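Next come two complexes built around chain A: one with chain B, the other with chain C.
Presenting the complex of A and B:
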């Protein structure tokens, strides 16, 4: 296969990730959000596999395996378990309407392209279109975290942001040194466990995981 | 063979393990105190030569130069004071009831792991590893912030976890861009994120990538360091955490983030001079400004102290931002001065909160009669932190203002002086009324020499540093400042 085909597969995966991120911003059911995150991670894994195959770089295969095992299988399973434990699959209300959110996402995608534009010149790697998409996913993930008032959807926003980031590192520098990647994965898995623990604790303390109840501390 | 570096890291890690195995409440705090003392001794013995001679220690994944040696010894010293204070603080909580062995165990295990992680930040060579460890410090200390499990501390720890994780995610994006620009120069090798390697090729790094990378890194680690406007987690976490932890967050954790920023700053100033320093200057001024406004209206003692940390981090960032040898010298001096002074105030706050049972400053009166020792220390600490002579913070602030004037930044000097006066008025105006008047309830000084000792040790240290900074110490500072700015010429 030649370069064009690899580039196309990579671009398709990246675009799918972006679309799923936008879907996640609009979806209001916890279980659906978790599923979307799993699919998001699956596309990231496929992308990692293609990059690994193209560059024939053994350590990206490891990244691919870790993504598949941790982000597609384990973390969604753990989040499902947390949702079960605190009995929330109800609709979470979003303070901004769906059309409003869509509009903001569009603006953020433009922002991603705007920020990435001057940098693409400097990059020589095969997925240079992906930087803009990666930044857009990061921005939308952050927006999701800011706009949601629910501990679990905030953490899904964080995970989506992190996936967007991995998309970026994968395509602009074919990942990071292996030891760093291991460390980052380790941190993410610990973070998810701690988020689970605290979501449980918030639910017990406030009888809800709606973080808008947590407004006691202010000046 | 195990070198000094491994010993320094292994001591608190072993202490965490021992605390996990221990079944006795009293053993926990003694293990931690002994470990912190041993760790301080090992750190001083291993890293003092590095600090005073400036020759870097480098092997395997470790890299220690004068700058990291300074932060290492400082962190170990603060940890020792915190370990001593924790002993009496938790004993009081235990006596008051509501503290299980399990909770205390969690506290000491997390504390020791937290310290291990913070020490590692200053030891590793790879900037990627630094990122991982900084994130690890957040994860471990979330349990410390949420120690009391009530509404306030749950809210504070959640905010802390999420805001810092978001910040740090942005920093990772910045690091990956830096990595991308590094492999453009030296190829895809695993050492491409090692700081000495990056420094040696800094001049050839792609400036466009590096600019975005630096902006992301400063925003990301700046969140953790407490730069305004990303500081919102800081007052909550500092005020809701158990008081010894607040002291550790303020005097050690903020330094970790600051240290990471300095490492990136040094690379960036070679490749794109003036970019990182301008950003730091802006964030620094914003932090001092925001802190001054909140200090003026503070109601809770620990929140006010937290904002004072934001102020000092801001001043340090301004020092780095001015970017002359003098200003960097001042910034480093302020790092040490702040880390030695702030725990005194937090420890006093802990005594007051346990004695009076309230965090509100307006409910505390008659401190001079009820708690004479705490009152004296609070007076000394407050005067020191607002920058009165002869204490260390004063020396740092004067050096900073002097460097601003000699760099020709008059507007900056005037602005800083005005803000410092506002902070002086706000801080002393809240603290000193607590000393006089009469207490409504029966309140007594917490007893025990171990409880009093850390206050006295720190007070002596920071006064001595203000009065006569020893020649070798001043030389060490100068050497680091010159090596940081030497790269710029």
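Presenting the complex of A and C:
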């Protein structure tokens, strides 16, 4: 009975992360995207906490704390600060219409399910079913990076992809070894700082953070 | 035998409280906007006034124009008899969830024809917009209801869904149900022409959808049309309260259980009216061309719900 409740909570968190990823594909406002990323990470943190509580594994508690502090609080703050500095709040152009993007997302979710389905049968962990969801989140994040023209929303796509990977490791092997996780978290911080600085520089050089302008560099 | 009698009583009760619920939503909205607002019984008075008034019908219309209000009222009455309110038995057990969706479509189709019959430009505009929304609403409504069928294992049997869901206990309260409910909430708001999609309070906006189709109606016909759209609101809320979250509904005809079921559904209706009023007071109406975004999102949610049954 207890196991069912744990699995239900994990499933609900994972599905909420998927829904938020789809919402991120829909929205074009930078601040809203950043908020969505914060909520996305919050669900990941809750999921990590449930897994940690169930397995009674101290290093997952550390992952949970790091996720909460870095991804829910610090990174969104820093991105907000970047948005404030470059005065860009809305992405104007989007090459693919919103309904079109949503339909592509459903195709990607199906693809994630098809890829994950043969693998999940041999797994015995608590949230093994969430592998399909984590793959879908990774795919949708990659799609977002490919389809958006704005440097900041591309970075949000990267962060969502990263959250999807964490969800995957959390559910199929109860997280990575601690040293790897520290490395990944460090990578994310550096990536976000670089994205922030780059967005500022791109904005100063081109008067816009639309990355399609950068094609002109080729002459 | 007693079961059928109780089922009839609950259907009549659902029809009778329809204007009351509309009145309550209006009252909540008025409070949120710091107004006193009209009495919650005001919709009954409006309907009574309209029923007493004479009817004016344009010369360019055919018999269809006069027949349509009765068809609309009949479809909604039929649906009221088809879905459970506070007791899982129903008085008209011949239809299933698929038929339910298409009876709603029949209602909408008739309303659209009525809008076109008047020959006014507003009616035509409202009709074409309504059809555009209808195309997007219908698949997500069908998918959410199918999710319920698969999740509960009751098939398309309407009164079976709440019984099976309740017997599943905690297991039912999973991602599939939540996603389906989220999708259904968007459908409820869109289908009942509430604020992010349409403004129910005014006839003056050029953006109107639902009211545009009713412009040519007057007197008793208008009363019937208004009454059936009030019934539609209650029916959708009841579907959310009894099919998606059935906890509290009575499965037997014992008086105590029925009383508990009645209290539960009234509480759910109050909560939903409050939520609807909150939504309408806190959001702005969408531009017409942004409506497909939200409706596609509702479709994606419904699709996710039905996929998650197989993934998870």
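Methods note: the second predicted complex is superposed on the first by the 213 of 219 C-alpha atoms of A that agree within 3 Å, B and C clash if a C-alpha of one lies under 4 Å from a C-alpha of the other, contacts with A are read in each partner's own complex, and residues count from 1 in each chain.
What we mean here is this: contacts are C-beta pairs under 8 Å (C-beta built on N, C-alpha and C of every residue); 3 or more make two chains touch, one makes a residue touch a chain.
Computed from a prediction, not measured in an experiment: that's the story for all the values here.
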Combined model on chain A where chain B meets chain C, clash or fit: fit
What is the contact status of A:123 with respect to chain B (first) and chain C (second): first, second, both, or neither? first
Check the contacts made with chain A and report whether chain B or chain C touches more of its residues. B
Tell me the angle subtended at the Cα centre of chain A by the Cα centres of chain B and chain C, rounded to the nearest 10 °. 150
When the two structures are overlaid on chain A, which partner does A:11 contact: first (chain B), second (chain C), both, or neither? second
Would you check which partner chain A:22 touches, where first means chain B only, second means chain C only, and both and neither mean what they say? second
Applying the touch criterion given at the start, work out whether A:133 contacts chain B, chain C, both or neither, answering first, second, both or neither. second
Quick check on the superposed pair: does A:113 touch chain B, chain C, both, or neither? Answer first, second, both or neither. second
Which of the two partners, first being chain B and second being chain C, lies in contact with A:99: first, second, both, or neither? second
Counting only touches as set out at the top, which of chain B and chain C does A:206 meet: first, second, both, neither? first
Once both structures are superposed, the least CA distance from chain B to chain C in Å comes to 18
Help me check something: in the complex, which residues belonging to chain C touch chain A? 170-171, 173-175, 178-179, 182, 292-293, 296-297, 299-301, 303-304, 307-308, 310-312
In their complex, what parts of chain A are in touch with chain C? 4-5, 8, 11-12, 14-15, 18-19, 22-23, 26, 98-99, 102-103, 105-106, 109-110, 113, 116, 129-130, 132-133
Quick check: in the complex, which residue numbers of chain A touch chain B? 115, 118-119, 121-125, 138, 142, 145, 151, 154-155, 158, 161-162, 165, 168-169, 172-174, 176-180, 183-184, 186-187, 190-191, 194-195, 198, 201-202, 205-206, 211, 214, 216-217, 219
For the complex, which residues does chain B have touching chain A? 126, 128-129, 131-132, 135-136, 139, 142-143, 146, 149-152, 154-159, 161-162, 165-166, 169-170, 172-173, 175-177, 179-181, 183-184, 188, 190-193, 206, 208-209, 212, 235-236, 239-240, 294, 297-299, 303
